[in-house]
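Just so it is clear, A, B and C label the chains in written order, and each chain counts residues from 1 on its own.
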Amino acid sequence: MSTISQTSSRGKALGTGLAFPASLVVFLIILIPIVQLFRYSFNHFDPAEMMQSAFTFENYIKFFSDPYYRNIFFTTLWVAAVCTVLALVLGFPVAYFMAKTQSRYKSLFVILLVFPLLVGNVVRAAGWMVALGNAGVVNSILMGLGLIDQPLRMMYTPTAVVIGTTAVVMPYLILTLQSVLEGIDFSVEEAAQNLGANFFTTFRRIVVPIAAPGVAAGTMLVFILCMNAYATPVLLGGSGITMMAPAVYGQITRASNWPFGAALALILVVATLLIALCSNWLIHRRYVKTMGS
Amino acid sequence: MFAFMLCPLILIVWLSFFKDAILYFPPSGYTVSWYVRAWENAAFANGFLFSLQLAALSAVIGVVLGVLAALGIARFRFAGSRSVNTLLLSPLLIPGIVAGIAIYLFYLQAENTLDRDIVGTFGGLVLAHVCLTIPWTVRLVTAGMAGLDGSIEEAARNLGASGRVAFMRITLPMLRPSIVAAALFSFVVSFENLELSLSLVGPGMTTLPIAIMQYLEFNLDPTIAAVSAVQILLLGIIMLVTDRYVKLSQVV
Amino acid sequence: MAQVSIQNLKKQFGSSVAVSDFSLDIAEGELVAFLGPSGCGKTTTLRMIAGFIQPTAGSIFIGDKDVTNIPVHKRNTGMVFQRYALFPHMTVAENVAFGLEMHKVPKADRDDAIRRALDMVRMTALRDRYPRQLSGGQQQRVAIARALAIQPLVFLLDEPLSNLDAKLRGEVREEIRALQQRLGLTTIFVTHDQEEALAIADRMAIMHDGKVQQVGTPDALYERPANLFVADFLGKMNFFQGKTQAEGRFVSEQGTAIVVPGATTAVQVGVRPERVYLSAAPTSRVNSFAGTIESAVYLGSLVDVRVALPSGEKVLSQCVNIGEGSGKWAPGTPCHVSFEAADCVAFNQ
């Protein structure tokens, strides 16, 4: 690097060399296995041999024709959608507050937000189990106040999964929204007010359109996270609700049906990406044409 | 809202001090005996140590590879550097469970071909975790490099430092916060990971999150709360330390 | 358009006072410039008038109405921001239309109003462009059109030219002034650039540390500064420190005697460099001193010549460059500097 310019051919070779080891690892451990998984989804399942080499769509057909599996898919979709919307509705005011606040505690708030993210989904789900169980906090308070005499059944229901998943993804959304809102030049909002727009009109006509692309990106991320959730649905949903990621795991490890499990996995990944990209594209069409990319 | 997001964690820590073995509110008393019990439980103690080792090793390897790669991509725009960047960040897009089983099946296949054990080995697990740490490292370090004021290095060269010296003595130290943050963050991400590890652990070895999960599938009591509280504490401390080096809000 | 009356306006942030006891009456159709260094409180005052900041004390009247507690969007002041603040997701025409919509101008009249506003700033051809497609100067003109389209009672400008390059600054400044006079807009123009303020203001208010130092027409402030800050901030000034020995007679610490009419208690006397005349021989002016040229800075149309007096004092003489050649100002040349008594300003501080 002593006299290597950044664009010389020696520079380029060096750059390639630097990036090579990491790329090799990721390529080998992530890319190849995924491709292989994709290939497996077209194989045939045999209870004796577990998998026979073939090229068939039977796994995919089985998925789409069996109402049980269709149900799993749509349940996952529904839960992900509900959680995304809830996170957006509940999280946006928080993000707005954090973007506008001048308080010295701002970085403390950020840390508080990031903290749950790093601690791990398993531990967070455990916490919700404490809250929502039959002998848990919520029930104890309600019974103590005399509002109910039988504990509310909250654990192992779709509701619990929605609550838990929303709590898991909200920090991501809030942080993304916050940085989008902070990126808007405040004097643009002031200009709108100066021209006669009250707070709500300014928000609706100025802030929302400018923030829309960033919001779309953040929502897409959150949606993907919800679709892929594993620990939360398993711990909080149990047998009361089955979602895609646990189903994938179950097929591979418990049923040992690799081809079918692979198909499920692929369906999950592809469907998630498709939905996310489509909605992103729609938002872009509506708002981004004016702002450039 | 903050309460909503934080309350599970608060509850778990609170529970870990309850006196009664069975969950009941309000608790009849408080004790720290569960922490001792938890440590005496082999599964948790081993899980904790194992996760520590795994996370440390994965972080170190991942940071080394990731930093090299980030430098290569950000400084030298070689053909396809953008695709390489995407490749290195791609693990973040794949659901953990899917990645886990894909790697598991791949290892099985590789076992046949190479005629050695891979599944259930420490090495195999580390390799998979490294794929977790590389993306975060690349992300943090490239962001750090983007934030660098290029004219500082130019000033050094103007004062007589060669390109290499300027890089080693000026630029690299300026990147130290990002690199340290990447290391710490990678450690955390690897430690708390569940889905990737589920498919790849072998007999006799388990990570702490897996041990917690398996226990939780059957019961919820102060012991598991104590274990979880320890994880919260450890990761929380690391997070606070990381925040000294890099503003966490930009990263996530 | 309406007149503006600011009464005892004060703004305090925590323990620091940004603006203290600001009072000023602005007549209808007048352009007043708030001038001062950064941090002097001029922008804070402007923003209080617009309504973005609540005063700690005092009141603001627009026309006959006390607007001190009226929210921003109901005050009908049109503001031009330093960084234009155009709505990035709207075209030029839509930007202008926004204010009209907020003021409930009927749709039928809106198009006319937009066209007139854009014509005023010569941006009609670009009405369908987006802000990011415009240059800085063009964006500024759109910002002006947008503020004026709503026919505000007061026209407020917050350092509108500071983000433009030098040549453009002069042009846009003249356009703003021409527009303001043609439409009879009551205008407040905040700037830190004295040339801007001097060029376009009917009156100026110079501020420092939150307090108004002096209010008056540009020439009044320049020729007869009320205190040292104003004297030093506007243009340059030669200062002599010393004592008044008798009425009209001032002696500097280094012994230079200066005739200053009317001075009784002055401890400093100032004279503008352009009123200090440089010559080879002594002149008939009452304040005339021999000296030696120390240095000369060539500024194109002007030359700043620094002359050292035998007493050690340095006097700056600003000469118009009429092509006499640089030999005239060679360092070491003996010369004479002289200035009229009437051009001296006495200060009691």
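Keep in mind that, in the parts below, contacts are C-beta pairs under 8 Å (C-beta built on N, C-alpha and C of every residue); 3 or more make two chains touch, one makes a residue touch a chain.
Note that the structure is predicted; figures quoted are calculated from it, not measured.
If you take chain A and chain C together, no chain is in touch with both.
Chain closest to the overall centre, judged by the mean of its C-alpha atoms against the mean of all protein C-alpha atoms: A.
We define each chain's centre as the mean of its Cα atoms; on that basis chain A and chain C are separated by 56 Å.
For the pair chain B and chain C, the distance between C-alpha centroids works out to 58 Å.
Separating the CA-averaged centres of chain A and chain B is a span of 18 Å.
Chain C makes touch with chain A in their complex at residues 50-52, 71-74, 76-79, 81-83, 85-91, 98-99, 102-103, 130, 132, 143, 146-147, 150. The touching residues of chain A, when paired with chain B in their complex, are 1-4, 6-7, 11-23, 25-27, 29-34, 36-37, 40, 90-91, 93-94, 107, 109-131, 133, 135-137, 139-141, 144, 164, 167, 170-172, 174-175, 178-179, 224, 227-228, 230-231, 234-235, 245-246, 248-249, 252-253, 258, 261-262, 265, 268-269, 272-273. Partner chain C is touched in their complex by these residues of chain A: 185, 187-188, 190-198, 201, 205-206, 209-210, 287, 290-292. Residues 1-2, 4-12, 15, 22-26, 65-66, 68-69, 71-73, 75-79, 81, 84, 87-88, 90-91, 93-106, 109, 127-128, 130-131, 134, 138, 162-165, 167, 185, 188-189, 191-195, 198-199, 209, 212-213, 216-217, 220, 224-225, 228, 231-232, 235-236, 238-240, 243, 247-250, 252 of chain B are the ones that touch chain A when the two sit in their complex.
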